[in-house]
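Each in C-alpha cells, the structures are laid out below.
Next come two complexes, and both contain chain A; in the first it sits with chain B, in the second with chain C.
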Partner chain A sequence: MEIFLDRLFDGISNGAIYAALALALVMVYRATGTINFAQGEMALFTTYLAWGLTTRNVPVWVALLAAAAAGFALGAVSERALVRPIEKRGLLATLIVLLGLFSVLNAADGLLWGRGNQSMPSLFPNTLQSYVSVFGARLYWANIGVWLLVAAVVGLMFALFNRTPLGLQMRATANNRESAALSGVPVGRILMLGWGLSAAIGAVAGVLFTPLTPDSLSLGEMFPLLIYASAAALFGGLDSPGGAVVAGLLLGVVEVLLPAYVPAVGGQLQEAIAFVAIVAVLLLRPQGLFGSREVERV
Partner chain B sequence: MSMPLVVPERSAAHRGLQAAGIVALGALAVWASTSNQFVLGQLTVALLYATAIAGLNLATGYTGQLSIGHSAFFGLGAYTTGILVASHNWNPLVTLIPAALICFATGLLVGLPSLRIRGINLALVTLALAVAFPELVDRFPSFTGGQIGLDISVFQLLPPHWTGISVADRFQYYYWLSAGLLAIVLVLCATLTRSRAGLAMRAVRDRETAAAAMGVNLAWTKMATFGLSGAITGVAGGIFAIYLGSLSADSSFTLTLSITLITGLVIGGVATTLGPVIGGLAVYFVPYWTENLRQGEASELIFGVVLIALMFVMPEGLMGLAIRLSRRVLRIEPQPPARPDGRTGPPPPNGTDHPAARDSGPAAAPDHRQERNTA
Partner chain C sequence: MSLLQVEGLQAGYGQAEVLHGISLAVEPGEVVVILGANGAGKTTTMRAVAGLIGRRGAVSIDGAALPPHDPGAAVAAGLALVPQGRGTFTKLTVAENLLVGATRRRDKAAVARDIERWYEVFPALGRRTGQAAGTMSGGEQQMLAIARALMSRPRLLLCDEPSLGLAPQIVRSVFDVLRQVNDDGGTAMLIVEQNAELALNLASRVYLLEVGRVVSSGAAAELRDSDTIRRAYLGY
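For the complex of A and B:
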C-alpha cells in the first residue's frame, strides 16, 4: 500500500507537469493549428534562465516569475516574428521553422550556461525529512507544491478562457480567425498572447519539474517531456484544454504504475506502450478523448 | 530570341533536354566516385538519406501525409538486412527484398490510421513509431543485439566477385550501390508521380473530399503510398546496414533521423523529383561543414538559423526555387497525352502518361475504377 501510494504520488507529480505542458501545446494548437515542437526548448531556455538567476542569489520564487515573464516574451516574439509570416506557407514550413527554433534555443542554452548537468533549487522544502505521512507513504512537500502550483496555473487559465472578455476573444480566434477579426477581435495580439501564455506555462512547468530529480537540468531534459506532453495533448484531443490536463495526469500515473505492476512492460517499453495505447484510442476516436470532431464543409 | 523559351512536353527538344540532364547527373556521379575513401563514405550515407527522403516525399510531399516516423522504416530495413546477414548468413543484396516487403507491410499498417487521422495528428502518430522503434530494438536483444548493437562481419559485406571491385576499393562498391538505388528510386518516383496514380495522390493531398467525389479510392491511395514510401526508405536502410556493418538503434535510428529526413525534404523541395537528392546532400554535409567551422553548440546554432532563414527566403526549397527561376528561361508546355485512337482528350483508364493536374480535360471521365469511395 505504501509503495503503491509512493508511486501514485510520483505519478501525479509527473502527470501534473505533463498536463501543464500539454495545456501549453493545446493553447498553441488552438491559436495556430500546429504543434509547437519548440515548446520544450522554450521551457528549457527559461528554466536555465531561472537557474542562472538562482546562482546569483536571486530567490527561487523571483526566478520563477522572471522565467515566466521571459517565457511570455519569448513565446509572443516567436509567434510574431517567426510563425505568423511563415504560417501561410503551410504546415511543413511552419514545422521546419519551429524545428529551427528548437535547434537555436538548445544551442543557446549550451552556449550561455554550459553542457554539464545542473541542480535546480526547489521552490518548496526539499529535504528527505520534509514529508507528511499518508497511510504510511511519504508525501513530500515538493510533490504537494507541484500539484498546487499546477492546479493554480490550470485554474487561472480556465478562468481566463471562460470568465473573461479576453478569454472569449481567444476562443473566438481559435474557433474562426476570420469571423473573429470581422467582429473586432485584435487577432494578431490574441495570437501573440496565446503563444506568450503557453510559453510562460512551459516555463513554470520547467522550473517545477527540474528540482524533482537532482542534477537533471541538462540540454536533453525537455525533449522526452515534450514527447509525453504531445502524447497527452493528442490523447485528450488537440483542441481541448481540459482533455490535455486529464490526459496528462493519466499518462503520468500510468507511466509510473504500468511498469511496476505489469512485468512484461519492463523498463524500456514505457514510451512505446503509451503511444500504442494512444494510437489505438485515436483509431476509435480520431478527435481524442475530449476533442471536437473535425467537420468538413463540402 | 524571346524569353522564356517554350518547349512542348514530350517533343524531341524536351526529350533532348531530359537526356542531357540525365547524362549530366551521370557524369556528376562518376566524377564524385573519384573522391577519396572518406568522402566516398560520406557520399554513400548522403545518397542513402536522399533515397530515404525520396521515399518520404511520396507520402508527405505528394500525398500530404506528414510523417515524422520514417526513421523507423530506415531502421527496420537496416535491421532486417543486418539480422538476415549476421544471424542467417544471407547474401546481403538478397536481404533487400525482405527488407522492402517488411517495410511495405509496416507502411500499410501505419497508413491505416491515416484513413481517420489527418495533418498534425497523423504526424504525432508517426512520431509514436519513431519513438517506439529504438525501444523495441532494445527490448528484444537476443534478436537485435539490443543496446550493445548488431555487428555484421566485414567479410560478409565485401563486394561480390561479379562486380570486379577489389576489397581495397570496397567503398566504390558501397557508393555505386547507393547511387544505383537512388537512380532506380528516382525513376520509379518520377514515373509514378506523373502517372494516373500520381494524379490521385496529389488530389488526395490537395482536396480529399473532391478527390473522393472524383472516384479516387482514398483508403487504397493513402495506404499504398505509405507502404511504398516505407519500402523505399527501408531498402535505403538495408544498404545503410551493408555499408556500416554495425547497427545501434539508439544512435542511428532515433527521432533525430526522422527530423533530419523531413528537414531534407523541405530544404530540397517538397513534391519535386530531384529535391530529395539536394535535400539529402544538404542535411548530411551542411551540419558537417558548420561543425568544421565552429564546434559544438555554435554549429547547432548556425544550423538552426540557416534552417529558419531558408524557410523565409525560399519556402519552396532549393529545387522549387530552381524550377521557378528556370521558368524564366525555359518553359515546358504541358501537352494533352496522345491517345492510341488518335483523338484528343483524356487518356484511357490504363494510361500511365498523364501530365500535371492543370491538364484541362474532363477529369471525371467515365472510368471503370470509379467505385464509391470507402473513406
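For the complex of A and C:
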C-alpha cells in the first residue's frame, strides 16, 4: 500500500507537468492549427534561464516569474516573427519552421549554459524529511507544491477562457479567424497572446519539473516531456483544454504504475507507453477523448 | 455625402486581379444590391471593402477613408459584413456568438439589451441561447450571422449571398428580417445575391457586375421592368 501510494504521488506529479505542457500545446493548436514542436525547447530555454538566475543568488520564486515572463515574450515573438509570415504557406511549412526553432533553441541552450547536467533548486522544501505521512506513504511537499501550482495555472487559464471577454475573443479566433476579424477582434494580438501564454505555462512546467530529479537539467531533458505532452494532448482531443489536463494526469500515473506492476514493460519501455498511446488514439479515436469531431451543418 | 463611397476599387488573389476598378456608392439608409454572374467579382468586392483582403482604390465611410486590409478599422467605422457561407462561430454558443459581435463596444448594458432585442426578432435564436451554433440548421445559422453582424450597431450591413443553400421559405424569412432591420433602424445595406427577384424587391438601387467591372446601374424598379436587362443579366 505504501509503495503504491508513493508511486501514485510521483505519477500525479509527473502527470501534472504533462497536463500543463499538454494544455500549452492545445492552446497553440487551437490558435494556429499545428502542434508546436518547439514547445518543449521553449520550456527548456526558460528553465535554463531560471537556473542561471538561481546560480547568481536570485531567489527561485523570482526566477520562476522571470522564466514565465521570458517564456511569454519568446512565445509571442515566435508567433509574430516566425509563424505568422509562414503559416499561409501551409501546415507543413509551419511545422518545419517550428522544428527549426526547436534546434536553434536547443543549440542556444548549449552555447549559453554548457552541455553538462545541472541541478535546479526546488521552489518547495526539498529535503528527505520534508514530507507528510499518508497511510504510511511519504507525500513530499515538493509533490504537493507541484500539484497546487499546476492546479492554479490550469484554473487561471480556464477562468480566462470561459469567464472573460479576452477568453471569448481567444475562443472566437480559434474557431473562425476570419469571422473574428470581421467582428472587430484584434486577431493578430490575440494570436500572440495565445502563443505567449502557452510558452509561459511551459516555462512554469519546466521550472516545476526539473527539481523533481537531481541533475536532470540537460539539453535532452524536455524532448521526452514533449512526447508525453503531445500524447496527452492527442489523447484528450487536440482542441480540448480539459481533455489535455485529464489525459496528462492519466498518462503520468499510468507511466509510473504500469512498469511497476507489469514486469514486461520494465524500466526501459516507459517512453514507449506514450508512443503506444499516440498510435492507439490516432487509430481508434482520432478526435481524442474529449475533442470535437468536425461535425457541422451547413 | 454618401455613406459608402468606393472609387476605382482593384483587388484580387495573388497575381490574379479580379476587380478592375469598381466604383459604387451607398446612401444612408439605402439598400443596394450587386448582381452578376458567377466569377463577376461580387464576393471579392465585399471582402475588399470589409478589409479582409488587400485592395487599391479608395473606400470611404462618411467621407473618411478606410485603411486597406484592416477589418477592425472597417468595424470601427460602422461597417459589418455577413460573409458568404455565414461564418458563424460553430463551437461557441448562440449567446457567445452575439457577444463576439459586440467586441468593439464598451456599453455593456446596451449590449445586453441588443442581445435581447435580436432574440425577439429571431425567436429561433432566443430558444437556443446556450446551443453551439454549429449544431443549428442553415437558416438559423444565417439568422445568427446577421444578428452577430448587427451587434456592432453598423450603419452599413454587407450581406454576401444570404440565401445560399437555404430553402426558399427560409430565404423569404431572411429577406423579411433584412427589410425589417432596414425599416426599423435605418441600417443601410449592400447585398450580393443570386436570387435577383427577391433582392430587387428589397433594394432601391442595383449595380450589375461583369468580369470585375460595373457595366450598369440604376433604380431597382427600372431594372425589374426592363425586359432586355432582365433576360441578359437575371435570366428570367
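Things worth noting here:
Methods note: the second predicted complex is superposed on the first by the 288 of 298 C-alpha atoms of A that agree within 3 Å, B and C clash if a C-alpha of one lies under 4 Å from a C-alpha of the other, contacts with A are read in each partner's own complex, and residues count from 1 in each chain.
Convention: contacts are C-beta pairs under 8 Å (C-beta built on N, C-alpha and C of every residue); 3 or more make two chains touch, one makes a residue touch a chain.
None of these values were measured; they are calculated from a predicted model.
In the superposed pair of complexes, A:L168 makes contact with chain C only, with no contact to chain B. Touch criterion met: A:S103 reaches chain B, while chain C stays clear of it.
Of the two partner chains placed by the overlay, neither chain B nor chain C lies in contact with A:A68. In the superposed model, A:I86 makes contact with chain B only, not with chain C.
Using the contact criterion defined above for the overlaid structures, shared-chain residue A:L238 touches chain B, although it does not reach chain C.
When the two complexes are superposed, the chain touching more residues of chain A, out of chain B and chain C, is B. Touch criterion met: A:A181 reaches chain C, while chain B stays clear of it. Shared interface residues of chain A, touching chain B in one complex and chain C in the other, are 296, 298. If you check the complex, the residues on chain B that touch chain A are 60, 66, 112-113, 116-121, 123-125, 127-128, 131-132, 135-136, 138-139, 209, 259, 262-263, 265-267, 270, 296-301, 303-308, 311-312, 315.
Here chain C touches chain A in the complex through residues 50, 52, 71-72, 75-76, 80-81, 83, 85, 87-92, 96, 99-101, 103-104, 134-138, 141, 148-149, 151-152, 165, going by the rule given at the top.
Across the complex, chain A meets chain C through its residues 165, 168-169, 171-172, 175-176, 178-186, 292, 295-298. For chain A in complex with chain B, the residues that touch the partner chain are 29, 33-35, 82, 85-86, 89-93, 95-97, 99-111, 115, 227, 230-231, 234, 238, 266, 268-272, 275-276, 278-279, 282-283, 286, 294, 296, 298.
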